[in-house]
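The letters A, B, C and D name the chains in turn, as written, and every chain counts its residues from 1.
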Amino acid sequence: MKAEELLRNRLQSPMLRLRYTGAMGQVEWKLKMVNADLSMRQNRQVIRSMTGRIKDADSIARKLRKKGKPVTLEAARECLNDIAGIRVVCYFCDDIDLVAEALRRQQDLRIVKEKDYVRQPKRSGYQSVHMIVGVPICYERWTEEIRVEIQIRSFAMDYWAELDTQMCYKKEHGQAEHVEKKISGYSAILAGVDNQMLELRRSIER
Amino acid sequence: MKAEELLRNRLQSPMLRLRYTGAMGQVEWKLKMVNADLSMRQNRQVIRSMTGRIKDADSIARKLRKKGKPVTLEAARECLNDIAGIRVVCYFCDDIDLVAEALRRQQDLRIVKEKDYVRQPKRSGYQSVHMIVGVPICYERWTEEIRVEIQIRSFAMDYWAELDTQMCYKKEHGQAEHVEKKISGYSAILAGVDNQMLELRRSIER
Amino acid sequence: MKAEELLRNRLQSPMLRLRYTGAMGQVEWKLKMVNADLSMRQNRQVIRSMTGRIKDADSIARKLRKKGKPVTLEAARECLNDIAGIRVVCYFCDDIDLVAEALRRQQDLRIVKEKDYVRQPKRSGYQSVHMIVGVPICYERWTEEIRVEIQIRSFAMDYWAELDTQMCYKKEHGQAEHVEKKISGYSAILAGVDNQMLELRRSIER
Amino acid sequence: MKAEELLRNRLQSPMLRLRYTGAMGQVEWKLKMVNADLSMRQNRQVIRSMTGRIKDADSIARKLRKKGKPVTLEAARECLNDIAGIRVVCYFCDDIDLVAEALRRQQDLRIVKEKDYVRQPKRSGYQSVHMIVGVPICYERWTEEIRVEIQIRSFAMDYWAELDTQMCYKKEHGQAEHVEKKISGYSAILAGVDNQMLELRRSIER
């Protein structure tokens, strides 16, 4: 547990936390600009909510262990892309691509990685677009790139994901498989509702 | 527009706004206590989110007109129950009754009115439990009862209600009936998912 | 250190923290009402800022030890009056009495204790009015009185107090007496400025 | 009043406000980094508080009129440097230079203008260092420089400035000169206390 404590102390130093909150703040501001622009063009709100969080030291240590990495700040900065993360929830499922596309066009963000769990859902039924972006943070004498993970999903996908998390804490090991099958089935039903809502909006817009 | 302006000025006086924000703050604190208590007993989070808002002067004036009342502060305070409102979103549909029941047990809140749009959904498909509570606000020399509206709903009901609001702004009058039918149908499908999620949680808990 | 950890865990339980944040929220709301009322009567802002804080577990443990009490939650609740505290900074020194007087008139606050360090400054030069008030917190079946400490001071007194705190961290034991004498002297000079500012305001008002 | 309304509408557009809040957020983050760095080196807190504000449409219109400029958005963006402003209050008067110096070293901020009202106080007695910085804001296809005004002052200077503002609202025209003389005199007394506090801190540090 010694390593965790050291990591915790270093992570809590204001100089370090501020790098991540600064990079996260930059991306949140970008997303607000993107939302203002898209909402004006679409004549309706596109992003419903946006939540940022900095991973705490315990979760960082757990994740490093799981990956077989040493529990140090250096390993954390190198191997983990989600120390700073932002979840973006859109009203409709076609909004996800609009937001992702606008992020790709930002000249001062570098797209490090993308995963489209909407077109290819996880086995559990999980759906979201994940983007890792690099944000340049300028200090007095040098510039550093801080990575931020952005999860973009529709309201229906968010509903499923949050209920799934609630269930996970409750799942008994014996029933795991049976429960997972059911939950994954609900994901498909919700995706159906999501698409029908979209169809309806489009038919109204026509 | 004269009446609106007068109403707006009076509503913006800090002395008056503070009464409503004070009563709302009291109820939000109660709801946090209720959530802490229920979450401990149920061994899971019960309330997912809680949002308070004070109705602005324009909406108050519009609602008074629609009810055929004079656009004055006195009429507003007497006829409108939702100048201060709180929306409570629970994870599961059986949480709604737990929260409502706990509110009914609070000795310093008076239940002014209740409407159960969960057991009897509106024609549109809208589902929520609405409670109007009276909160005693104590001044130097006298005590006043301020009413606060509380809307309690599940995550699935909240999803439907927010999408419905988005569609409403877009609805053309010609298609209104057709669209309403479809949206109301989705309400039933979502209620199905809501119930299945509950069944699953219960089967895990057993 | 065992006792501290136990205390910390119990203090971090949401049910307990919420009692203190609830009581503090009630008093902050009262103070906002008092400020709105006084500012209207005086035709100028009376309260400049208001800051609330809940004492953390380590400070609670330290204070209990210093008082020779056991480090338990029960001892904390019985012996400590400042687990929840609010600092009120007014623009002028005659505002302090206005705020204190208005708090004394609130029917649902019980004045547990008062100390007037303005009329009788501490040896260090510290000036403020301290009030301990009891706030009734109503649960489902019973009512509890939670104590909140309110410190009321002028802007000049706040300036002195904050600089004094900054110096304290730096004070070397050898020089302590010499430094304290100087700081206490500045308190008198600042009190002079405070009074002259008040005289000037009064001469303008006449 | 027509021009004001037009200006107000354009200023309230989210796309425009976000530019200024974005630039302000960038500078606030820089100042937090500067504070973390300086506080570590000095082994004490350097910045006591930091407050940002966006000028409202009415004040913008008033200032444009006073300068004999047309009341338009274009004139506002060109002629006004303080649409976005941040006030930084330090504990001691020698902290002001530390903060200003650190801002000058930031490679991605352009120093547009500086005024040192500490070394050369205004006739009224007002003291602060004012810096106008240009912040590059990157959009999809182009980069814009948004100006932000930073006022840096000590706690004692802030006390004087806030009391002066309070008095201004009260000043009768007949007495203006007499009052101004007195207030300006207090500025000198407070500067004396400020310097003595600094001397004391330095003698403790030695």
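Everything below uses one rule, namely that a contact is a pair of C-beta atoms (placed from the backbone, for glycine too) under 8 Å apart; a residue touches a chain by one contact, two chains touch by 3 or more.
Owing to the predicted nature of the structure, the values given are computational and were not obtained by experimental measurement.
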Greatest Cα-centre separation from chain C belongs to chain A
Where chain C and chain D touch, do the two copies share over half of their residue numbers, giving same, or under half, giving different? same
What whole-number Å value describes the gap between the mean CA coordinates of chain A and chain D? 36
Taking each chain's centre as the mean of its CA atoms, chain C sits from chain D at a distance in Å of 30
Would you kindly tell me how far, in whole Å, the mean C-alpha position of chain D lies from that of chain B? 42
Using the touch definition from the top, list the residues of chain A that touch chain B in their complex. 44-45, 48, 91, 155-156, 159, 162-163, 166-167, 169-172, 175, 179, 182-183, 186, 189-190, 192-193, 196-197, 200-201, 203-205
Seen from chain D, its contact residues with chain A in the complex are 14-15, 18, 21-22, 25-26, 29, 32-33, 36-37, 39-40, 102, 105-108, 138-141
